[in-house]
Amino acid sequence: MGALLGVLPFFAYTAIFLVIPTLIVVVGAFLDGKNRPTLGNLSALAQPQIVSAFVHSVVLSAVTAVLGAVFGALLAYAVSTASEGGLLRRMMTSLCGVLAQFGGVTLAFAFVATVGSEGFLTLWLKNIGIDLAGSTWLYEPYKGLILVYTYFQIPLMLIVFLPAVEGLRPQWREAAESLGASTWHYWRHVGGPILAPSFIGAMLLLFTNAFSAYATAAALISQGSPIIPLQIGGTLSSEVILGQENIGKAMALGMVAIVAVVMTLYVVLERRTTRWLGR
Amino acid sequence: MTPAKVPHSGTMTGNDAGHGVAVNLVNLRRSYGTIHALDGLTLDIAPGEFVALLGPSGCGKTTALRVLAGLEDADSGRVEVGGKDITSVPTSARDMGMVFQAYSLFPHMTARQNVEFGLRLRHIPSARRAARASQMMDLVELSDHADRYAHQLSGGQQQRVALARALAIEPQVLLLDEPLSALDAKVRVQLRDEIRRIQLEVGTTTVFVTHDQEEALAVADRVGVMRAGNLEQLASPHDLYARPATPFVADFVGLTNRLRATVEGQRANLMGTSVPLLPGSVLRGGALVLIRPESIAVTADPAGRTTVVSASFLGSTGSLYAVTESGENVMAQIDNDTVATFSPGDRVTLVPRPNPALAVAHEAGADTTAPL
Amino acid sequence: MAGTVKLRAARRRKQTIFRRLVVALVGLFFALPIVGMVEFTTRAPGGGRTLDTWATLFDLGVINADYPELKTGLQASAGLVVLTVAIMLVMLVPTMTWVRLRLPGMRRLVEFICILPLTIPAIVLVVGLAPVYAWVAYFLGESSLWLAFAYVVLVLPYAYRALDAGLSAIDVKTLAEAARSLGAGWPTVMWRIILPNVRTAVLSASFLSVALVLGEFTIASLFSRDNLQVAINLLGKRDSSIAIAAALAALVLAFIVLFAMSFVGAARGSHRPKEN
């Protein structure tokens, strides 16, 4: 029993700052303004602007997950062919580590500086005759956000997927070749199938990442809340109609549900990968 | 259980693959900067022969194998298989089966799918493919594990599947790159005998790379001892052991004593006995004779001039460590039931048996210590 | 032999070309916004380039006077980095070691809790933390520093993974038992035996935490506290040039931190004992 005391601080801390907040959200989604049980918050989720926010969030996350996964995988493969411990690999990994974490305000400002109304790329393109559909395209969910989100999805893909690519043993390639496989055959029958679970798993992770992102959109979009995180943020910071605060919790619960499904799939795929690649 | 006979179906690969082809490595050179991995290596292997390449790490044995497989380029030299120059042929067209030290099997396929892989690539129809794969699994005695994945098989089982996979395509040459080095000692012994049995049945020309001299001697028709990118000696296991051509080979293969003697013509005077010398020995003067432990007879003798240091029981045999009156250390092989009769400090007389031995010049002998 | 076709060398060359092409294209994509930031912050009023904005950024006196929110944000973030890393290490390292030594059955549970934050987006956590932080404010005041409590939770998955890898690489049980049999008490075991052997993992976990804390915006902003990103965001509404310069500076700083970390790992790796 004394041994349990050793882990008490950890459990106490996480209880207060992780478990209890989670419970507050989950339980609060089913309580009304006077803390009585209700399903009213959930039915309020059917409001058009909230449904549209969920749709936007899902579509945005899915599109940027695919874009990030494809280009990130190509980048990961390219980096894996560089010498281990070499400069290229180190710099790329560090750079991607920063860009993946550093979404949000920094990236938003960077894109404003580049393709915003005063951005150098906008001005340069105007000079050669291309007008970027007015100065507000950056702030629209599907155009601007896709671009900015992809910018931090690709680095995240590199970080998550590079270990899988590096897990491809050279012996497998050599054995396949000795048995008569060309490069195409190798990727079609060996390399591709082995990497597929990791690839899909990483793509799921990218989905979650984009779905949960708040800071970037908050910094870019000053009017309206086209995606769910912004809607939730709205319920915290603005004047909320009495009795409606818990809709924010319902939305949060909805987010958690979607993310939980995606993460469960991810864990299942990870298990299979670990068995095969022996990591 | 009688092993399944492998049918000779020349139609599969379109050549006379059933009984092996000749392999010739001609003057291969390969350097990495200042390191010469291959230094003019020339090696001729007869059809159906099992050749082991033996040597310490860095001697070039693996490089030679990989150049033969096409997995590495040679800087110069030729690789010929069945009389044809295949130096410029890519690996995928060389029709060679290969077994690696580790990670041999494709992890996402069952054993059966692994074995069928080469056949799939050759567009063999699925019925024939399945039959061939079953034959191969029977050959390596793993038929009841055919639907397991690599991570569900032991190391030895994985290597057997890898062997089946390599042989399924009826390759011209079978290449094995230290296939047993990652396995437990007992499995290693079992599997090396199996590999030899299978090779004799199938008849494929085989090149087997290892750093374990016992392994090489046990399985091969001929063993090539390599050092610094070239062959020191290529001979049958018996000749390699009993008639080493150089001190390096004498040291690397089996255990060797180095004892001072005087050389006169083709004989040496060693510990009072005249011993015949092998070709390649020095012809006169002070020398070191390289003599095996089993070539020294030991008799207890209170008037003897050699003192026992220790006697060890090794199971089927025993070994005796002693110091001569001139201070040289000697290891001799003794019968296992006489081990208990020798105690440290006892006096013995050592008499070399009349087997031919190699003699090297005293200074040269002192320098050439074979790296283990 | 004349004309030996070097197949392997040819393939390596093709790989190198592919690698360089891909890295160049992606690098270009990555570089554009960075270039945009540099370009934006070096514009002179009448055209041409100037380093005025940058000079201002590094002029502490001007920052103090004209951009107080940036100063506050910087100070808050500096404190948050230290506090978060400290709490994380003090809590995780002993707990994870203890679990390995005495409570192996709890390992799955601890792992689950540490990975949980990955499933709970920061924006969701904020909603649930609001009441908790009301209590924190009641007991400890409204300082931005107390955001560290939430940051530790955000950092848990990455820190756990780094420390877990480090602890797996050493034989914790044997080391601890050896030390105990020689008479060491638990604090000594932790401080002088375990910790020095997981230095790389500790550094790795710390650097990852630094990067995350410096980049955090959501929680700080929604709780109306100060930190670097919040400050930059506020500044952006006022003086975009300085804000963008500050953002770029923070980015570069984080990059240097992570780049340095990659060398620490490599150096330690060479000390691993060789197999006989």
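Order of writing sets the labels: A, B and C. Residues in every chain begin at 1.
The rule is short, and it goes like this: a residue touches a chain if its C-beta (ideal position, glycine included) is under 8 Å from a C-beta of that chain, and two chains touch if they have at least 3 such contacts.
Everything numeric in this text was worked out from a predicted model, so none of it was measured.
Visitor: Counting one step per pair of touching chains, how far is subunit C from subunit A at the shortest?
Guide: When the steps are counted carefully, the minimum from subunit A to subunit C is 1.
Visitor: Among the chains here, which has the CA centroid at the largest distance from subunit C's centroid?
Guide: Farthest by centroid: B.
Visitor: Whole-Å distance, subunit A centre to subunit C centre, using C-alpha means?
Guide: From the centre of subunit A to the centre of subunit C is 17 Å.
Visitor: On a C-alpha centroid basis, what's the spacing between subunit A and subunit B, in Å?
Guide: Spacing between the chain centres: roughly 55 Å.
Visitor: Using mean CA coordinates as chain centres, what's the gap between subunit B and subunit C in Å?
Guide: About 53 Å, centre to centre.
Visitor: Enumerate the residues of subunit B that touch no fewer than two other chains.
Guide: 70-71, 90-91, in rising order.
Visitor: Please set out, as single numbers or ranges, the residues of subunit C touching at least two other chains.
Guide: There are none in subunit C.
Visitor: Sort out for me which residues of subunit B touch subunit C in the complex.
Guide: 70-78, 87-88, 90-91
Visitor: If you look only at subunit A, which of its residues touch subunit C in the complex?
Guide: 3-4, 6-7, 9-11, 13-14, 16-25, 28, 71, 74-75, 77-79, 81-82, 85, 88, 90-95, 97-99, 101-107, 109-115, 118-121, 151, 154-155, 208, 211-212, 214-215, 218-219, 229, 232-233, 235-237, 248-249, 252, 255-256, 259-260, 263
Visitor: Which positions of subunit A touch subunit B when the two form their complex?
Guide: 169, 171-172, 174-182, 185, 189-190, 193-194, 275-278
Visitor: Note which residues of subunit B are touching subunit A in the complex, please.
Guide: Residues of subunit B touching subunit A: 69-71, 90-98, 100, 102-104, 106-108, 117-118, 120-122, 149, 151, 162, 165-166, 169, 175.
Visitor: Along subunit C, where are the residues that touch subunit B in the complex?
Guide: So the residues of subunit C touching subunit B come out as 1, 4-9.
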